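Common to both upcoming complexes is subunit A, partnered first by subunit B, then by subunit C.
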Partner chain A sequence: MKGRTFKHAMAAHCESGTLTALLNHAGLKISEPMVFGISGGIFFGYFESKKFPFPTFVVRSRPGQIRTALARRIGVKFAERRFRNPADGEKELDRLLSLQIPAACQTDFFYMNYLPGHVRVHINVHFVVVVEKRGEAYIISDCYSPELASLNRDSLMKARFAGGSFAPKGFLFYPVSVPEAIDFRKAVWKGIRSASFYMVKLPMPFLGVKGIRMFAQKVVDWPRLARDTEHLSHEIMKINIFLEDQGTGGAGFRFMYATFLREASELLNDRDLLEMSKRIMEIGDRWREISLFAARIGKRRDLGPDRLRELSGLIHERADAEEIFFKELLAMSKKKK
Partner chain B sequence: MKEKEATVDYKEHQLVLYVEKKDGSYGPVRTGSYITKNYIDDFWYKRNNMEVEYGEKIRAGEISPIAYYMILEELTPSELAARVGISARKVKRHLMPRHFGTLTLDELMRYCGVFNIPLPNMFQEIVTDKKNVKIGMEKTDNPFFSVLRIRAARK
Partner chain C sequence: MNTNAGNELNNEIKLLIMEALTINEVAPEEVGDDDSLFGQDNVLGLDSIDALEIVMALQEKYGVRIDDKNQSRFILRSISTIAEFIGKNRTR
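And then the complex of A and B:
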């Protein structure tokens, strides 16, 4: 892997895309949906916290979990480091680049100034691959950028050592060994089992399918939490961004998961998985309707109680559909593991 | 989602979506962002209104510049405190104009680092009634000193 030219490619999601690119660079041919599916990345969580200015939701597992679960299930080993001292973090990255080893870094998305201003927000869980150092600038392979990008040293340092929730602390990683033979059957079913378990078996009311229901119940109360109509419109339209634009591959990762199940069905020659992939694709289509509906009512400022109840109803329907889907998938994973 | 439904012609903001392709297979497709293409004007309209509203509040002495940038960058006092490295209680005080003056230069610099703005922006608003000028603040190697460059825009 050392010395080979790094191939930049866009991907749907920064963490799964970064991992895919690094593994491909290391000689392991694996697709982004496989990385995402094997790691059990699909999820749902609804959060209200002092750390967020407004209630929010996530559609994927905890940041970093895609890497750790994937490593465990396919046997890839990553070198990982965090730094107390930013100077040490910078030195280590420069050392790796001087050895022509591309490394993934955890960053605050806000400082990725090669991306359009309207998408950049403070979130400490953006992953990029740093490919090269040219003078005072770093060459970045960011899954959300069509081309390799250049980022100045100051911005990269700020991004790598930003404080707050999920502070990166200069975290970087790169693969050090890839197994010669991987038991994909076992890895796929483990990934499916864990994702299904987290979607339907967690007791917390804000996680998994229960989290989708909580989102449906709470969204009708959002007008009470918003500063004014324009703020409410912004937050409602963010439903679309979280589901479609913020690195999900569409429909809150449901389309990517469908692609994973389709690929797994071909790999394992399993007709049931093919059927399930079609079903989650349909579920995703309905999620996309929700995101388009949210964008429409947000722009029109059509945010009265009836419209929000309609939105809530659509989200409840998704909860019902996903509960049935993931229960069946969990049962299937127990039978076929 | 079918491939043709996903395809959006918008080069300024590209992304990858997973779709059902014409041959029935599932896979990635690079396309433009639907929401950016269709709703970006609305985003900037709301953002501009917010800047005007909170800019007026600063001028009226109702909030401090820290409150202004915190709201624009969608941070909470507790998240901002963790990023700046001070207590949330202290941040809440700094949101009020009467306590803004008690900030140390070091704290102010740390706030500027989080907001990614030059130090003078904490004390001023740059406005112009001329359309054909470009104003840009440039950093120097001295963290306490920046250059305000005003250029005539090309006609």
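And then the complex of A and C:
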């Protein structure tokens, strides 16, 4: 892996995209959907807490889990480091680059100033691969950028050592060993089993399919929590952003999961997985309708009780469909593992 | 694709977009095939929600799926880029 020319590629999601790029560079041919699916990245969680200014939801496992679960299931070993002292973090990255070892870094997305200003927000869990150092600038492979980009030292340091929630603390990782033979059948089914289990078997009412139901029930109460119509409209439109815009590959990662199941069906020569792929793709299409519905009513400030009940009904339907889907997938994973 | 068929598809896409977004104040011929559809100087005044609406209309009419934002950013750049994608990937 050392000394090879790094091939930049765009990807749907920064964490799975970064992992895919590093593993491809290390000589392991694997696609982004396969990385996502084996890690069991698909998920749903609805959160209301005093810690958050407004209720929110997630559609994937927590940051970092894609890497750790993938490593466990396919046997790849990553070197990982965090730094208390920014100077140490800089020194270590420079050392790796001097050895021609590209490393993934956790950053605050806001400082990726090669991307247009209107898309950049402060979010501390953006992953990029730092490929090379040229003078005082770093060459970055960012899966949201069509080509390799250059970032100055100050911006990269600010991005790697930004404060706040999920502070990166200079976190970096890179693969140090890739097994010669990987039991992909076992890895795929473990990933499927884990994702299905988390979607339908967790007892907490805000996680998995239960979380989708809670979201459906609670969204009709959002007007009570919002400061005014402007605020409510902003929060309702964020449903679209969370499902479509934040590197989800579309429909809250459901399309990426469908691609994973399709690729897995080809790899394992399993027609059942192809059928499941088609079904989650259709489920994703309906999530996309929710995105559009939320974006439309938010934009038009058409946020009366009837509209929110309609939105709630659409989300309830997704909960029903995903409950059936993941229960079947879980049963399949127990039978075929 | 020959030029006539290409022009026909371009016009069909313009009409589809205008119908999906209920745009009545702009005539299809005012939209150039290579004009940028998004951004400050676009004649249609489209935004990211319109983009999602267009993606769904294209899927329904031509059976093409545009999954993610990175992909749609390039495909929805102009009528020509949409037509090129439809030409290669349509299933209906």
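Everything below uses one rule, namely that the second predicted complex is superposed on the first by the 335 of 337 C-alpha atoms of A that agree within 3 Å, B and C clash if a C-alpha of one lies under 4 Å from a C-alpha of the other, contacts with A are read in each partner's own complex, and residues count from 1 in each chain.
Keep this in mind: a contact is a pair of C-beta atoms (placed from the backbone, for glycine too) under 8 Å apart; a residue touches a chain by one contact, two chains touch by 3 or more.
Note that the coordinates shown come from a computational prediction; the quantities given were computed from them, not determined experimentally.
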item: Subunit A as common anchor, with subunit B and subunit C clashing or fitting; value: clash
item: First, second, both or neither for A:Gln106, with subunit B first and subunit C second; value: neither
item: Touching partner for A:Ala295 - first (subunit B), second (subunit C), both, neither; value: both
item: Which of subunit B and subunit C A:His122 touches, first, second, both or neither; value: first
item: Partner chain in contact with A:Ser333 - subunit B first, subunit C second, else both or neither; value: neither
item: Touching partner for A:Glu230 - first (subunit B), second (subunit C), both, neither; value: first
item: Which of subunit B and subunit C A:Gly249 touches, first, second, both or neither; value: both
item: If touched residues of subunit A are counted for subunit B and for subunit C, the larger one; value: B
item: Touching partner for A:Ser196 - first (subunit B), second (subunit C), both, neither; value: neither
item: Touched partner set for A:Ser141, first subunit B, second subunit C, both or neither; value: neither
item: Common interface positions of subunit A, toward subunit B and toward subunit C; value: 10-12, 143-144, 146, 237, 240, 244-245, 247, 249-251, 255-256, 259, 281, 285, 288, 292, 295, 299
item: Subunit B residues within the subunit A interface of the complex; value: 1, 6, 12-20, 25-28, 30, 33-36, 38-40, 42-44, 46-47, 49-50, 73-76, 78-80, 82-85, 113-114, 116, 139
item: Residues of subunit A defined as touching subunit C within the complex; value: 10-12, 143-144, 146, 237, 240, 244-245, 247-251, 255-256, 259, 281, 285, 288-289, 291-292, 295-296, 299
item: Contacting residues of subunit C [partner subunit A, same complex]; value: 48-49, 52-53, 55-56, 59, 65-70, 74
item: Residues of subunit A that touch subunit B when the two form their complex; value: 10-12, 32-33, 50-53, 110-111, 116, 118-119, 121-122, 143-144, 146, 154, 158, 162-165, 167, 230, 233-234, 237, 240-241, 244-245, 247, 249-251, 255-256, 258-259, 262-263, 277, 281, 284-285, 288, 292, 295, 298-299
